[in-house]
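First the structure, then my questions, so here it is.
Chains here go by letter, A, B and C, matching the order in which they are written, and residues are numbered from 1 within each.
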Amino acid sequence: MIEQGSRHGSVSRRTLVRGLTAVGALAGVGMPFVARAAEPIRIGFPTPVTGPFGAEAKDQIRSAELAVKQFNEAGGLNGRMAELLVRDDKLNPGEAATRTLELIEKDKAHFIVGALSSAVQLSVNEITRSRKVLYVSISQSDTINEAKDFSRYTFHEALNPHMTTAAVAKHAFKKGTRVAYLVADYAYGHEMLRGFKRAAAAIGAETAGEILHPFGAPDYSTFMPRLRSMRPDILCICNFGRDQANSIKQANDFGLKKAARIVVPVLLHNQRLAGGADAFEDVVGASNYYWRLEETVPSAKAFNDAFRAAYANAIPTDYGAYGYTAVRSLLMAVKAAGDTDTHKVIAALEGLTYDVAKGPERYRACDHQAIQSVLITESRKKSEMQGEADLFRILEVEAGSEAALRTCDELGHRA
Amino acid sequence: MTSAFAALDLELIAMQLFSGVALGAVFVMLALGLSIIFGMLGIVNFAHGNFFMVGAYAGVFVMERTGSFWAALLVGPLLVGAMGLLVERFLIRPLAGRSPDDPLLLTFGLGYVLVEGVRILFGSDGLPFATPEELSGVADLGIGYFPIYRLFVVGVVALVLVVLWYGLERTRLGLIVRAGARDPEILRVLGIDIQRLWLWVFGLGIALAALGGVLAAPMRSVNPEMGNVVLGEAFAVTVIGGMGSLMGSVVAGLLVGIVVSMTALVAPEMASIAMFAFMALVLLIRPQGLFGKPGLGV
Amino acid sequence: MQTLDQSVVDAPPGAVNPRPAPRVTAGFSRWRAPLSILALLTLPFLLPSQALAVNVLIYGLYAVGYNLLYGYTGLLSFGHAAFFGTGAYVTGIAIGAYGLHPLLAMGLGTVAASALALTVGAVSIRSRGIYFAMVTLALAQLVYYAALQASSWTGGENGLRGFTVSRIALGPASLDILDPQVKYLFVLAFVGVALALISRILASPFGAAIEAIRENETRARACGFDVERSKLLAFVLSGLFCGLGGALSAIHLSIVPLDSLAYHTSGMAVVMTLVGGAGTFFGPFVGALVVLVLEDVFSLWTPHWQLALGTVFILFVLFLPRGLWGAALERFAFRRGRS
């Protein structure tokens, strides 16, 4: 082959070898400087592109990419640009674990942000904490705050059921209110129930009854008679996603909405679209973000405007906003730390107060939970919607405070 | 477990039974199609749940274009039934003479194609499907309130059953279909095109699944995964009733609906376990199901 | 006027002999295990990531275990996720809740899976044909819902966590399992041993017995084979290797997701085995490789990768029922002129 080379080209083998060695030497000397200056800040972003939450995932990706773009346009970290490595976790914890391993081992990601379902977040967390990689979770869950799953490398930017249920209960329950609960029989459902009952006990509201339904059940007709027989003032539906859309729709079909007020722990954009305006009318719930917050919060307006500019007048949804707040705050910490070194960034995140989309937020030290405001929203009647995206009305904004969270002791964290 | 026993009274139990029967109606719809296809062609259609889902989407499609629920109810199943004809002709028929597992495997793969195809055409989000005006609202049954639409579903299923029964038991075509399920060879010898028969029966089974989907659409959100959820239930009901028996599908559908409904009173989280345990039990003790016989029968 | 065999007449259309076996050249069967291991050693260099390579090993083992029952004995099970998942869960619980040594935990996981296979097998063997597939499906769903309910043990749908293995002690030395290279070789060691064992099993009289049962059960019985016992043993062995795959998966991912027991996972065993080549030794690995890489590659291009997967599978059922490896072997055997 070497003979062929000298036969073919005009460049002799010797020259070729000499030239390559020279280039190699130069590169070897110069490379480190070049590489360090150019080495991007890699943020792994597992998200369920495939599956029932594809729309939420897409919104999260767009928001996250917006945050990265803003960071880069502002000069990055001394010229180092951020890069978002999006991976499809297929809403499957095993798949998410594999993708996270790839992101860490092959793609050399510096940080991981993401996950929508609780199970996925916990599996990503298991991988990141054993390999000492910083992980910011944006999945709504109580479990990740607890000592068992926690690590110094774990941050939780999203709301958790405890916060949302407490806020909704404070708004909707009064002393003596009779509340019936329809709960999805899985960890998240139980977390929501626990949060509501705790808040209800403090307010003095009564439990009229509770029914557990199988997670993913499409049909709730068999629960309706019993719920009605409880004669509640409030029907509190503790589930998520398709379950929420289905159960609210069917509660409406069975006329339960005329008998009781329907209250949910999280009121989300896509579920409201799936269920329709009529079924969701007057349902009250909590949310981390609603675009019309821009009317009162300047950072929301800034976020929305940037989003509109980047994405053809679209507005960010609740889950989408998580992508933005998590990535943006992470990059702020990186900038503050001046480095991508994990421990420096952890220290920076712990000390950071940020206001990027919804008002001030900061992380609590013991469990790295982001203390932030909770919005109480109500689904609008179709006739009251001022536009296709005007799905909800903000009833009140519960300001962020540590009192809204469970105590560090309760979560098992030693001081 | 909740404080279930505290709130039981006769009215509640009666209402629960009634809900079970109404729930069973949807199961019956699914089981009918599955049973007919197995009884006639010997195929376990692993994509049956997904055809149910495609039916719901066909309903959405027609509804969007015509604004009429009745059009959706009529045209939707016909469209999907036509799809079923194509599937039988080009995907299933080439498998004749090969291992009996092959059509099962093929329909399994087909399931993925259907789900993803729907995602591509309609998106991954759940779509709302409004209950038609004339059927919305609740009726006071004395023992409790029940949505009028669900009563309508029970009515439609009953009607379909009557039509099927009449078609199978009283018409010449039905006679041919039943004969073909029992003994395809003799039928061939008698000069009847058995392949055309299989084609239309398969299409019928699929159309029934699709009809179930259109009927279910106003009750639940229409989404690409809704077929996967019902497949297990469809299998359980068909197996318990007897693959190939229409009477079995009806009885088992109602039975399973009632069982699910009653366990919802005491231990709803056990409903799925109960159903699959029942299914396994029947398969082991009496694999042909409660009413199953070889061939197709009422 | 009975011109045809009664069983054919009464049977539904398509119920003729199951897929006939591909003919592997006798010379190679002695070397199939070592050759396979050699081939698998090159995997980390061919694939873009170590994590994917380990997954190929694990799912390849799962598919090979499944193939023992489906490809070689001719029993189509749709519930093998139960064994994979049980192996994984028991391993994870043994390490996390009882602090056992990972190797011991893996052993327990494998034993548990085999025990479950014995139970499920004993109960489902009596069913024939399509009913067998349905029974295994139903029983696997039972296991799934039971695991979902027993959330204090299994973590429910959050999955089992808290048993991350970072070092495995082997006497005086210890392996750094977090290192992707070390992990790959660790998993390959087990897979290699499993392959060697399976090769021996298939070459034994038992191997001949189960293939005879696949070809024609009545004739096998007439020849004096104890059909029930052979089927059951095949079932248990199949469960054993699938359980080992699950145990390795627990060590690899540091979690056991509830999906390990789901219908989709059972389906994957079928898809991989069929695509690779049912009834061939190395075929399931080829199938696992193809399916996992397809999933990975397709999901980078489009979120609709399941369409490609489903279509590929349908095409295989229609046109390439022998699978990739099976078809390749056939070609090869033909070329060498039937040895």
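Remarks
In this text, a contact is a pair of C-beta atoms (placed from the backbone, for glycine too) under 8 Å apart; a residue touches a chain by one contact, two chains touch by 3 or more.
Please read these numbers as outputs of a predicted model, since none were measured by experiment.
Chain pair with the larger contact count among B-C and A-C is B-C, by C-beta pairs in contact. Relative to chain B, the chain whose mean Cα position lies farthest away is A. Measuring from the averaged C-alpha position of chain A to that of chain C gives a distance of 36 Å. The geometric centre of chain B is 32 Å away from that of chain C, both derived from CA atoms.
Contact with two or more other chains is made by residues 119, 269, 272 of chain B.
Under the contact definition stated at the top, the residues of chain C that touch 2 or more other chains are 303-304, 306. Residue positions of chain A touching 2 or more other chains: 54. If you check the complex, the residues on chain B that touch chain A are 2-3, 7, 9, 11-12, 15-16, 19-20, 22-23, 26, 119, 123-128, 130-131, 136-138, 144-147, 149-150, 216, 219-221, 223-226, 229-230, 260-261, 264-265, 268-269, 271-272.
Across the complex, chain B is touched by residues 51-55, 185, 209-214, 216-219, 221-226, 228-230, 242, 245-246, 249-250, 253-255, 270-271, 273-276, 278-279 of chain A. Interface residues of chain C facing chain B in the complex, by the touch rule stated above, are 1, 4, 8-19, 76, 123-124, 126-131, 133-135, 137-139, 141-142, 145-146, 149, 263, 267, 270-271, 274, 303-304, 306-307, 309-314, 317-318, 321. Against chain C, the residues of chain B that register as touching in their complex are 38, 41-44, 91, 94-106, 108-117, 119-120, 183-186, 189, 198, 232, 235-236, 239, 269-270, 272-273, 276-277, 279-280, 283-284, 287, 294. Chain C meets chain A in the complex at residues 48-52, 55, 148, 151, 156-159, 161-162, 164, 166, 178, 180, 249, 253-255, 257-260, 299, 303-306.
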